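Look at the two complexes coming up: subunit A is in both, with subunit B in one and subunit C in the other.
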Partner chain A sequence: MPSRRIVCRCEDITEEEIVKAIKRGYKDLETLKRYLGVFTGPCQGKTCQSLVIKILARETGRNIEDFLPTTERPPLKPVPLEFLVGAGDR
Partner chain B sequence: MVGDTRIWNHPTIKFERKKKVRFTFDGKEIVGYEGETVAAALYASGRRVFSRSIRYHRPRGYYCGVGRCASCMMRVDGVPNTRICTLPIREGMVVESQNRFPSLDLDLLRIVDYLFPHGIDYHKMFIRPRFLRETYNRFIRRFAGIGKPPEPVKSFEPPEQGRRSAQLTVVGGGPAGLCAAVEAANSGVDVLLVDENPKLGGRLRREPQRIFQTNEKEEKTGSELLKELLNQVEKAGGKEEGKGKILVMLNTTATGIYQNHGNKTLVLTTPENLVQVETKTIVVATGSHDQPELFENNDLPGVMTSTAAQMLMNVYGVKPGERAVVLGINKDSLELGKQLLDAGVEIACFVDQSQKRVSETEKKVFDEKNIPFYSSHKIKKVLGHNQVKKAVLAHLNEDGSESGEEEKIACDLVCLALGRRPSCELTLQTGCKHRMVPELGGFTPLRDKKFRTTVKGVYVAGGTAGIMDTAGAMLSGRVAGLSAATDLGIGGEKPLAKCEQFLKQFQDYYDNLDEETKVGIAKTTVEEVC
Partner chain C sequence: MVVVGAGVVGLSIAYHLCKRGLTNVVVLDKTHLNGGASGRCGGGIRAQWGTKENILLAKESIRFFERINTELGCNTFFRQGGYLFLAFTKEQAEQLEKNVRLQNSLGVKSRMLSPEEAKEIVPALSVERVLAASFHDKDGVIFPWPVVWGFAERVKEMGGEICEHTRVVGIDAPGGRVKRVKTDRGEIETRVVVNVAGPWSAEIAKMVGVELPITPVRHEIMVTEPIKPFLDPMLVSLETGLYLSQTMRGELIGGVSIPDERPGIQYGSTLLFLRRMARVVTELLPQAAKLRVLRQWAGHYDMTPDAKPILGDVDGFERFIQANGFSGHGFMISPAVGRLISELIVDGKPSMSLEPFSLERFLVGKVEREKVVIG
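Then we have the complex of A and B:
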């Protein structure tokens, strides 16, 4: 069975891919998020955030305390579309 | 596959199993008991693979147990991508696995995993030659994504949106949230208490047998403490003069917060519809998330968070495995170890890079059973096909590098108990200031002594504020509830005086913490917030 070190379980992103992206110049949480799709799966970063930060700090040598959080947008959990249809002002 | 793995004789917990419920999973009938979730019933029937991952079709199993990850998404009664770990079973429901061909245990699309050992880099692959791009796209689109859209319906009536208003909304019904709601209501505030679970209690529900310190320095089990807190919620029912009501909404998730000139609108997602709540103040007590860990095949079914294992064995009475490796040597992981033993799970060993945080007396229970502690070790990889079969431990030198010494340990369960990080999604949406605090595990909202964040009317308590310990979480909840009451101008001088008293207790609690946590909590505390 192929061995992988999975960072983001939702989007199937491995440590190798993150390191590659950092080498290509995506050295912030926000840019990594846009380039790879980490934090954008159904979990919205609840499982992988700590690992991405750890890898980014290790690869760039930056202090972990300097990192800023990415933008959190609603909804925090998947919402059925029919609920949103019903949500308009009628 | 093994037979029924439910726990029938537990030394401390009695599981209620009255009514049998039948449902189908991929055409096969599964029998569960009322109150169980789909995931718990499937796990009890011996199922370990719950889904296939989006790109490589790797097997995924029960991982977070509380609806936070995406490893258990299935199609339920025609609705795709439903998290089955939080969905209660209903008679006759039809559950189907997704994203696999032909079956969940043997998925031929797994070939992708073998074909692309270094990952599918969609920024560079399938782009050239240009004229083939359309063909590539058409092909990829057939396989990409998870789940198929539901069957179209001719007409439907969308559920009407609910509207409410509240003086105070408490998000999260764990120890911190319950205390906040109780104190605020006792001061005369009408409180809306929201929790995503079918029952209140948070971690107390998950660890009913664990001994917790109360704020009066007594020792109580989780279930006793929960009973006491629920009693207080009951009493604060607004029957007495000068007391506010507590309205509890269960199975309800606060999915968003919108602000307009200081007015806050919280959007709640219930199982039936969306509810808009115009609220003056909010206490965010959403708790914390388990920390993940990186090792080879860390996504293999059998690797799960401590929370997930506790949900299975302590709430639903299902044995999470036969032989466990516990990752992490700390107070929580040792408690988890005791709970695993109670559930009849053998513990192969505890593994961590260091074991500074526990004393020899705390380890005694395990020493007597000859359960080894591998300090200065890490899990290098886990092996197995559809389920963990072995864990490979690597010895670490003092500088953290691998010494080359390795050991294979047979196990079918790897529990991640490496600490937690604050769940700050909602506070981030309010726009209040956060800071990365490694001592507390992640981003933590800044707050003053009275647990006010930098946005007016938003308070934090418990795990969200980085206070993972139950005694501290309860105190922080009480303070947050009272300072919300004070800021609303309800209850006169009384809440303020009470708040001072709890602040003193909190200071006491803080003084007795270990150095690392102290530093962490100090980093999140600021003098002035506004």
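Then we have the complex of A and C:
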């Protein structure tokens, strides 16, 4: 049973909301990300992406390997603007 | 009819066609919704433009965005905090004054501000070097993703069809009459094709031998962690091409000009961009220095020689309609463009002349360049 368990901790998105979106036709990671906002918070999906893949596979009856992760973008972890001023100069 | 490209403009055209009762609309996209420029843009919505045509299209579109949540049944986080343009030289200040005069003459209530008045709107702003500013309180920012979903869901509800992951590989138009569109998933018989493929529009036009003067240019953008609201308007610097706004979720989103960016479609991220962005943002908003960057990404402006879109029919063709070359401001004028193109198809004549946007304007060399392209 889909629950109100929080899956995406940055954006407070629950398992129930994810299942609902999948049932509405948002059935891949790039699309779910843009529909629900999962993977867009401070963790950038590093915490929740594997959990969402698991739910997607279960709800669509497909394999976990079928779902390619969304594009990783810099920075690897949050970096303050003041560190970026002149970054790479040394 | 077939709309090539399910970006926000293609979907707005389909939406307005469906609303007029023409529901035999198929929208094709080679990837997924929100995968191109529409899903990558900064979400700025403004009427502060430098040419009459852009001001009129933007003004009408702002009225649509003001009612978009109820009209499309989605939450777009549209927030009208205004756009604050900053001028740092006499020349830039004169440009702003000229723009404001033109905007005022067309019913847009923008106004010039002193640096002190600009600081009243954004207390965190460092105005030491600012010479003048302009402000329009009806401008704002929107979250692009739900706009695309909203248009798409309403199109499907009204009977239109949206085919993602469907690539156009050819168009049959013997003697200038459109007959069919060939895709990698089959063929569609149609007499109307609307080319709304953004940076790929020139490729689509080439399929029937039409040359479009469109150059894709990458524009990078970044987002910071969310913090409590402190930046009400979208901030624009005429010196650096910076645009920066705070979303309703609290993040700062923005980009900056990279003048030596080479044309072409490439999605990579650069340190050059992040460095420039960090320097420009911390100079204008010193308090933001400790704010952390979460992510950078990139999309494309489909630039035309005068930075204005190509809209309407093409000489020598029947119903091979263009809606492309938006040069970085397609999102914000998508409602008005959708209505006008739907009128062109349904009534044969749109309620506002598309002549200033014709492809042929580049042949006669009568162009007035839009100077207020930012980012």
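Convention: the second predicted complex is superposed on the first by the 81 of 90 C-alpha atoms of A that agree within 3 Å, B and C clash if a C-alpha of one lies under 4 Å from a C-alpha of the other, contacts with A are read in each partner's own complex, and residues count from 1 in each chain.
Operating definition for what follows: a residue touches a chain if its C-beta (ideal position, glycine included) is under 8 Å from a C-beta of that chain, and two chains touch if they have at least 3 such contacts.
Computed from a predicted model, the values in this text were never measured in an experiment.
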item	value
Superposition-derived comparison: subunit B or subunit C, residues of subunit A touched	B
Touched partner set for A:T14, first subunit B, second subunit C, both or neither	first
Touching partner for A:E65 - first (subunit B), second (subunit C), both, neither	first
Partner chain in contact with A:E82 - subunit B first, subunit C second, else both or neither	both
Contacts of A:P74 with subunit B and subunit C, given as first, second, both or neither	both
Which of subunit B and subunit C A:D28 touches, first, second, both or neither	second
Partner chain(s) touched by A:T47 [first = subunit B, second = subunit C, both, neither]	first
Interface residues of subunit A shared between complexes with subunit B and subunit C	35, 41-42, 44, 71, 73-75, 78-80, 82-87
Residues of subunit A touching subunit B in the complex	1-7, 9-17, 20, 35, 41-44, 46-51, 53-55, 64-69, 71-80, 82-87
Residue ranges of subunit C touching subunit A (in the complex, touch as defined)	32-35, 39, 145, 148-149, 224-225, 269, 271, 274-275, 277-279, 281-282, 288-297
Subunit A residues touching subunit C - in the complex, by the definition given at the top	28, 30-31, 34-35, 37, 40-42, 44, 71, 73-75, 78-88
Parts of subunit B lying in touch with subunit A, wherever the complex brings them together	53-56, 58, 60, 63-64, 67-71, 73, 79, 81, 113-114, 117-119, 121, 123, 156, 158-161, 196, 253-258, 267, 269, 273-274, 289, 291-299, 381, 383-385, 421, 423-426, 428-429, 434-438, 441-443
